[in-house]
């Protein structure tokens, strides 16, 4: 085993693990971070959007140095039907100026940079090494067992940042095996296009960027969304849906992506591009009720491993980073007090409760279950909306009242006024 | 003196640094990225524009540039002490007095270059009881052969061979030396070139001479074969190049050819040589002599598992051919490395190459694209192998391959 | 060296470091782009460099393992030597994480543009400096680097040092430190040869020599913490005319895309009627007389 005892061990060099490692190392703690991939980011996948505010909480002015793709000035939602789409967007030119609001990033590049920062702060990063289990002294976590020779190493506290495939969490009984209803599977392609083409097609200048979330036909009625994000010289195009839905529908996520790419409006955006990379990953979707045990004697859980993802707002990386930071801060306090017991570490949960993280998770706690059991949001409404607009906008000589009636009939037919009222009410209830 | 500054196309710049070297005003710098110009120093001479291999530099006033360039070119003449170097040499490699075929291929190529330059083609033979080899060399095209026949060079060892070679070079001053890119050839070439402090280019695929300057233009694939680069050795002699077996054509042998054999002596004490060859083990089941095969059936990643190589063997046996493999199949452990065809494996030039379940990555193509007829069987219609195949079948190899074997069994059996 | 007090009495003996370490190997390692990933933009002929991961030249890994094996067997020391840009530090760190003891990076803008002659010169001067400080018994190099493929630097170093050169080593049968001798197997096209050579020697190694070990965690930690020594032009005795572009007899004259080979005929029916397609193909090949009729 390793002779040296560390102050903290971090399992996983994704955004949550690196945030925790960075925070602790900066405070002078002796930190070791284990990553099973060849390099940080090699096993990570995200749409992906990085949020400036939480990232700045860790590294001020990071965008000057970090490999970010574009700063987002416009965010769209597109509601897709087979042959049509309703687009809604918001462009804010205030976001076009420093310090900006969000950025698109490519995880392999960004995580590597972030890891370098953690190393510069003094953390030790060991890659290509899998942590197989936690080591206990009675009930207390005192270290980890890795898959290498002499691979046992001890520390005062372990931070579990292993991501959505939370095997150690399961082994340790922090949560049961994650059911498919609590996971989404997403696939993504990075499609290269020249800068000028991206800027022309998306109406951007220089390094400005745009994000598009797509619903409706994009997920063939399953609960989920698709996305198109602009990077510097490529587009990130992907789609994700609830795993249990996919299994029930016997669908392959790749097929979903191909369908999406062939939608006439989407195809135009992608034209001439060349697929450079193909990725896939799971996303936690369990929400508030599925959050596992977050701490024990000598242990804290952060990021995706803690189910901290807010899919309704497309937020995950920020919850990951801030939860990592809060766990790091808790560890620092614990070190000062010389106390890593459950009692002491419970302040991590308090910090989470005080932050936007738990507040947002709580806000949407019933949303997952609701939307999962109300598929009409993903199949009927998008279709209805498109058809209604089509009817309204096609100039075919029919009098307007007749058109109106036709639309209302369709609506009644598909869902009934009462149904819609109920849906609106319930949606409001779970989203507020 | 114009106020012009040279224009740089950053994404064409491969950071080779030739322009930096060529600029008489030291106006160009390379600092971990594409070349940059110091506008104050740039005198728009145009020498950088001329030497740039990728046209990453440009000057508007073409006329001005041309004048300066002609000046530059004349300045580039070979230093006088090197102008005595004349003649094309080919190292005739032997193991146990059996000549490596690549040596004959190089005689064929060397003859062409020698005729182009108007000089003699010479073979260099080092060995013991090796006189017959010298005669063979003449029948394959050498005008002259330098022979060192001595027990100390009976079996290849770096030290005596290097010393012998250098002795000959210093005495007879060739301008070009060609060696096969074999184990022995590469071992010897690196040592000799370093001791002579001259340029050596490995694995050339095309050799030509520039008539104006007499420079050997040594072309080879670079960046994994994605581009071709022509290398020059302008201010040093001899210009040395290695060439892989089966890249050049085998010349016709003419037993009636006459030539001169000049025996040289080497002063080398066996006791001073710190390396001894204890044993040479010929491998009987050697790589099925992949590089000598006329028909090769090669399997790749598409086969999926080791046992499926049986399908490849079946077809190879029916055709009387040899089994080959892509690097992916070898790395997966399905077949041993002697069967590997490609950049890090063997270069082959059979009459017929059948690629099964091989995508056709450039590193594989460079090892077999000179085959006369290429057949590809792959179920991905976009696979690059189809770009070089004479005949392609897009389909499931597990259906097509056995069917093909059966067809040949019927036709030939 | 003996230390004696004013009465001439022996207090203690201090051994010189080189007498204590029994085998010191230096491994020359090159960081290379993973060439399977370097792309060329076919329209502009420019090189796509971004995001191409760098790796340790695969053949060098076998050199590292061979050196570590000697360290295990003889209680020796392994030094890693790399010439490259600053980011090559990562390759050295990785090499150290397998268990090597010392890492040296030769890096300086003045070295840029060096061809194999200039490279072997620079590396040799660095080796001479190392040898000045402590004895070196063996130098390991990979047989060739996957980005350049010339296999010239190893022999160049051996020639300059005047050491025995053994290339394409596929087996190390015996290393005898007392007799200063090494016995190896060398791969030939037609088989193998067994060679005995005096140390010191330079070996270039091939795949099949050994399997690179899965480093222990303590070694990984040591490697991650290691301080790499960086030597620039000023740290070595160098003749300026022999380094960089001025020291390179070969230079690139021209770059162009490889000749396009014309694609040929796709025989239809491969998916729908494999037997039929096979028949057509066989007929064509027999007709072309590429198959010798038995």
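Letters A, B and C name the chains as they come in the text, with residue numbers starting at 1 for each one.
Keep this in mind: a contact is a pair of C-beta atoms (placed from the backbone, for glycine too) under 8 Å apart; a residue touches a chain by one contact, two chains touch by 3 or more.
Everything numeric here is computed off the predicted structure, so don't read it as measured data.
Chain contact topology: the protein chains form an open path, each linked only to its neighbours in the line.
Closest to the middle of the protein, by Cα centroid, lies chain C. With centres taken as mean Cα positions, chain C sits 42 Å from chain A. For the pair chain B and chain C, the distance between C-alpha centroids works out to 20 Å. Taking each chain's centre as the mean of its C-alpha atoms, chain A lies 51 Å from chain B.
On the side of chain C, the complex with chain A involves touching residues 51, 53, 214-218, 220-221, 224-225.
Interface of chain A with chain C (complex): residues 2-4, 32, 38-39, 108-109, 124-126, 129, 146, 148-153.
Put simply, chain C touches chain B in their complex at residues 35-36, 38-40, 44-47, 85, 109, 112-113, 115-117, 120, 146-156, 158-160, 164-168, 183, 186-198, 207-208, 244-246, 248-258, 260-261, 263-267, 269-271, 274-275, 277-279, 281-282, 284-286, 288, 290-294. Only residues 11-12, 14-18, 20-21, 30-32, 53-54, 95, 98, 100, 155, 157-159, 162, 182-184, 186-187, 189-191, 193-195, 197-203, 217-218, 221-236, 274-283, 286, 291, 295, 319-320, 337, 343-344, 351-352, 361, 363, 369, 372-375, 377, 379, 381, 386-396, 399-400, 403-404, 406-408, 411-413 of chain B touch chain C when the two sit together in their complex.
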